[in-house]
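Going in written order, the chains are labelled A, B, C, D and E, and every chain counts its residues from 1.
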Amino acid sequence: MSELLQFLLSGVTVGAVYALVALGFTIIYNASDVVNFAQGEFVMLGGMITVFTYAAGAPLPLAALVAIVATAALGVAMNKLAIEPARGAPVVSLVIITIGVSIFIRGAAQLVFDKQIHSFPAFSGDDPLRILGATILPQSLWVIGGALAVFVGLWLFFTRTLLGRAVLATSNNRLAAQLVGINTPFVMTLSFALSAGIGALAGVLVTPITMTSYDVGLAFALKGFAAAMLGGMGNPKGALVGGFLLGVLEGLTAGYLSSQYKDAAAFIVILGVLFFLPQGLFGRKSTDRV
Amino acid sequence: MTLLSIEGLGISFGGLKAVNDVSFTVKPGEIVSVIGPNGAGKTTLFNMISGVYRPGMGKVVLNGEDVTAMSPHLLARRGMCRTFQNLQVFQSMTVLENTIAGYHLQESGHVLSDLLNLPASRRRAKAAEAGARELLKRVGLERAAEREAGSLSYGSLKRLEIARAMALKPKVLLLDEPAAGCNAVETEEIDHLIAEIAASGVAILLVEHDMKMVMRISNHIVVLDHGEKIAEGDPASVSRNPAVIAAYLGAENAAG
Amino acid sequence: MRLTPKSVTLLALVVLIALSPIFFPSGFYYRIGALIFVNALAVTGIVILTGWAGQISLGHAGFAGIGAYACALAPVHWGIHPALAVVLGAAISAVLAWLVGRPILRLKGYYLAVASLGMGILISMVLNNERELTRGPDGIDVAELGLRGVLKDAGLDLSNGQFWYFFCGIVLILGAWLALNLRDSATGRALRALHGSEVAAKTVGMDVARLKLQAFVISAVYASVAGSLLALQNKFITPDVAGFMHSVEMVTMAVLGGVGSVAGAIFGAAVLTLLPQVLTVFAEYEQLVLGAVMVLVMIFLREGVVPSILRKIRGRGE
Amino acid sequence: MLLVEGLRARYGRIEVLHGIDLAVNSGEIVTVIGANGAGKTTLLRCLSGVHPLAGGSVTFRGEPMSGVPAWRRVGRGLSQSPEGRQIFTNLTVEENLRLGAYLYADDRVEKDMADAFQMFPILKEKRNLAAGGLSGGQQQMLAMARALMGRPSCLLLDEPSMGLAPIIVAQIFDVVKGLKALDVTVLLVEQNAYGALKIADRGYVMETGRITMDGPAEALIADPRIREAYLGI
Amino acid sequence: EIKLGASISATGPAAFLGDPELKTLEMLVEDLNAKGGINGEEVTLIAYDDNGDPNKARTFATRLVEDDEVVAIIGGTTTGTTMSILAVAEDAEIPFISLAGAIDIIDPVKPYTFKTPHTDRMACQKIFEDMQKAGITKIGMISGTDGFGASMQAQCKTVAPDYAIEIVADETYDPKDADMTAQLTKIKGTEGVQAILNPGFGQGPSIVTRNYKQLAIELPFYQSHGVASDGFIELAGTEAAEGVRLPGTALLVAGLLAADDPQKPVVDAYKAMFEEKTGTPVGTFGGYAHDAFLIMTDAITRAGSAEPAAIRDAIEATSGLAGTTGVYTFTPEDHLGLDLTAFRMLEIQGGKWTLVQ
């Protein structure tokens, strides 16, 4: 019993990380239909900038804030320098651009920072909390809370605000969006700032658990991408559920089946889900008619 | 004698009966028009007949065979083809290639033969190209043959779709608003084209809001409203039908 | 021969492969050439699948892995000649692609991408974890192809580098020829058509599911043969060949060069293969510059290098 | 109100508009007719700012529009209902309309929406349906309604009657005519040339990228060349 | 001018190892040239970063041999890259010293290939020796799935019976995983486990160590030489790392070495130089590069020639050469030149490395 609970807690911890990354994907995707493969680098930057600002003597909350703001600014720069100039290019080209940017950021990070592995103290100490014989680190609760908070924020943004709707409209039909007066360049800038900020927040929250280094971005991006697709791309609910589901699956597989093939199990489940729900769990079907 | 027969076809979308129990038949060489207000279910009806949607009820019988919900590519083999209200062209291919695509069934052999560019493949490709150029001439697009389809104006794309459908040498042709976006003179050209195709023995099912055209060329008209068939008959009788005038034509367009 | 785009591409390729060695300052360049050809072969498969049929795969390295490990394992375990192992690998890849392709090709866009990614990861996981068979992440030796020795006995004495350069070059010419044949055939046209509109493709009688599957299988075979050639010339292979990064690299090469064009595939492969060699002068700035180059190319030549340039040339002509 | 001088436009290297001169006065309804591919849509795209000019100028209310992005022109009162409807297929009908009034956050939005629903009752029925599920004609109505939500002072309409039932076509033309009373200027591109000319004050005829004729609407209707080439009478 | 080539994984998944290796080589070459080079000749280092990609490593090896015409090659951070370089070096008959762990590199012996690190098998043997002394007979393993972890896992399984040790639980994790409590819980719950061994490098082992503490597992905990650096203690946290045992090199316990320890001078010198130059603490991996360079330059000096064949012969004749990893004595049958004594059993106590007596 306590074993099962431990596997679940392990899964939830990991799942919260995936969910946070997956949530970061949704905004840029919703604004432009582009899956931003540099999203993982935002997570990395969130962690690394915090590490180095903290090491330079800033208090941890300030360091985290600096990291989030700086990364958001970088997101905006990415949009202005790499995405906007290629406006109108096919989506694959844009995706390749995001891969190029991710290589670029990684290359820059290894120069600006270093190639070592880093971490900083957990926010509420390292003493595990005990629940029915299983344990969870307080930092995991921070990550879970962060994922939930970001989810609620995004959900409200997309369903309750006109600006959120404008973001959706921009990706659905950019031409029409302009013709109703939506400042589409601004929408893009905003999306990149938000996505990057959420990515950085993820980095800040997870680093005490997973550590960070200049090259952690790719792994985050991959798992986050898989989680987002499992849930249904573009839907915050999908990102959240997809992330947790993926994490729990891995935890249970590692515990009961084979830790060697736990990622395999996760992907098999994704394939299975997509077989029956080709748009993921909560993805919306495109409604274009002929 | 009946080529296509629609028997009690119907479908719902989340409670809304978009099409409900519609029946009629089409004979070879006949032009049957389906008219009705916007949202009456005409396109949906076409989508069911052509296998894009699976009907919730009823049957589609083509040449004596029950082809209900059969995949469009299999229907194409049996001689049914259509055009679309919301244009469906192959944007990044040239106009010529778009038309050759219509020859797919006649042209395609085995993929290995294509890979190796065997003489059989080459011969079929040549024949398809020649036929396609001929068709483009008929719809007045021969000068645009080498252009990318995406660069054509709306009206030209409509004709391209017709050319592509004609390439299949169909027995039944479904045309969804072929004259939309064309002016009166251009519409007349399309008229002639459709009449010509019908004259060669093709059964034509037409959806169109241009009443002049409908009245001119239809042998038979089916009127839908809210998914139901509200009237049926020859152009003259339909255009005098008060229900049709009220729901669709408006006083101004009524026959007279 | 009529001067069609096809014959021009093939002719240029033949001339390039035959004459480039004149300018090689050292034997090392044969190695680079051979690598370019191998990559170009795999990318040609991507052109068929992604460029024409519009289906994105992030798992094609898995097929390269199958091709590579077929060459590593079949000769040792079942005494099959390495040349036949290439065919065996291609056959396994084709069958696997056929089995996997049927369910996953129903998916669209990124959903297909993630499904194929999963497939690739499963393959690379098996290669990593089944140590008994594959010897795990540290890699495994691959038998000698032996053809070079045969040529030598026949009086054609090539260095190892030269042999692989010409051998891979010839295979690439063959691969490009097949792909170019396909492009202008009924099948190729149908693939490009379904990319444009699946419903319309169906209504003109195209069996969309089957066509996609054909493209998937063909491209898998290209990747598999490329993987085999890589394994045979390196005489050693690790599961990296099946890794996600390799899949991404293939797609990147294709898009960079121009995803719809065979010439683009070759060009893209050449650029991304040469770039790391050129960038060594930047030492630790290498990654930075690589990323920047990718972004800049896609911004300024957004359809990929070859189509963008062709369009410019053509535009000037008019 | 809207002044176009020597306007040229290209797709790639191919020029499709070769110097268009055109003026629309405040409160006028002006219609442009022409064959398929004449360049009518391109002209409107240039005016609304979604297609770049290759030469010439566009002046709106005395201000040059060069360098003013499309979304900003909307704020200044220049709205377009584009060809091919271009609705937000993934959003609901109501969301489409709200986005039509994206620039406004006042009470009038609700009132305008009520007006729109009154004009096209079917849209009210379908308000919570994803707009992509609408029939072609319903989408066309939505596009028109959405453009009106933007409170334009000058409305560019690209074939608003396309795909509409005859009853609705008559209604659309009535609406356009009614805009005059609201002091909205209209530039109308139509294939239904007869209907359009009947409600218009003036008209232009376009052929392969050039204006070949213009004049008062009645004069154009009466012109035998027009009657033969465009009205089919 | 003597041209030495190197292909190192300075970036990519093994950057954690390759980075200090490359820095070490660059530093040593500079230092050597400042001292007048070898036999009066300047040494040029041509180093490429292979990203840990074996295919790239092979290309760079070919480039080093064919284009740059180096006389010898150092490198191959990982076993995979090493095997790729090895094929090229053997073909071209160029001496090659690898920095990777697998025993396959030098067993069977290939004429031109040598290596500096202990083999992964030796690490296992050293650990099991220690376990045996403590009377441990049943253990659980949790290994990374990267080359290092997987190879250790395999070797340990091979030699465990020699020490009467049974591996009763065998789990793995991906190097980038975020949480290993599931695997550890499973091991913990396995009947009869007396100790746990975690071979791996990078952040994985630090997370495992923290999870170990989180789950309050009381069993003796063994790590491998993959984490033999101060950075590990810092990342895992002093508290969690307390009591962790692993086989390490003299480098980590420089301060604790006996004054007459033959390795002391070289260890002290390298540590001082590296830490001054880079500002980061020395680790085992930089030490491998240091030793490879030492062996190479020593051989060239003794050979009195920069002919590849002569260098090879001289390397094979190396005897009693003290490096940071151990004291090397090569023979035609042994291209590793180290034995188990080169490993020292270390234990972390109070956040410091201590020698297990």
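The rule is short, and it goes like this: a residue touches a chain if its C-beta (ideal position, glycine included) is under 8 Å from a C-beta of that chain, and two chains touch if they have at least 3 such contacts.
Predicted, not measured: the structure shown is a model, and the values here were computed from it.
Asker: Starting at subunit D, find the fewest moves between touching chains needed to arrive at subunit E.
Answerer: Graph distance in the chain contact network comes out at 2.
Asker: Considering only mean CA positions as chain centres, point out the chain farthest from subunit A.
Answerer: B
Asker: Is the number of contacting C-beta pairs greater for A-E or for A-B?
Answerer: The comparison resolves to A-E.
Asker: Relative to subunit C, which chain has the most distant C-alpha mean position?
Answerer: D
Asker: CA centre of subunit C versus CA centre of subunit D: separation in Å?
Answerer: So the centre of subunit C lies 49 Å away from the centre of subunit D.
Asker: Cα centroid separation between subunit B and subunit E, in whole Å?
Answerer: Averaging C-alpha atoms per chain gives centres 73 Å apart.
Asker: Between subunit A and subunit C, what is the gap in Å from one C-alpha centre to the other?
Answerer: Each chain reduced to its C-alpha mean, subunit A and subunit C end up 31 Å apart.
Asker: How many angstrom lie between the CA centroids of subunit B and subunit C, rounded to a whole number?
Answerer: 42
Asker: Identify all positions of subunit B at which a residue touches two or more other chains, and write them in rising order.
Answerer: Residues 43, 52, 84-86, 88.
Asker: If you look at subunit A, which of its residues touch at least two other chains?
Answerer: Within subunit A, residues 110, 260, 263, 288-290 contact more than one other chain.
Asker: Please output the residue numbers of subunit E that touch at least 2 other chains, ranges allowed.
Answerer: In subunit E, the residues touching two or more other chains are 10-11, 145.
Asker: Which residues of subunit D touch subunit B in their complex?
Answerer: Touching subunit B from subunit D are residues 11, 33, 35-38, 41, 83-84, 122, 133-138, 140-141, 159, 162-170, 191-194, 228-233.
Asker: Give the list of subunit C residues in touch with subunit E in this complex.
Answerer: 25-29, 31-32, 35, 128-129, 131, 136-139, 141, 160-161, 230, 234-238, 240-241, 276-277, 280, 283-284, 286-287
Asker: Within the complex, which stretch of subunit A touches subunit B?
Answerer: Residue positions touching the partner: 288-290.
Asker: Which residues of subunit A touch subunit D in the complex?
Answerer: 162, 165-166, 168-169, 172-173, 175-185, 284, 286-289
Asker: Subunit B touches which residues of subunit C in the complex?
Answerer: Listed in rising order, the residues of subunit C that touch subunit B are 178, 181-182, 184-190, 192-193, 195-197, 199-208, 214, 218, 260.
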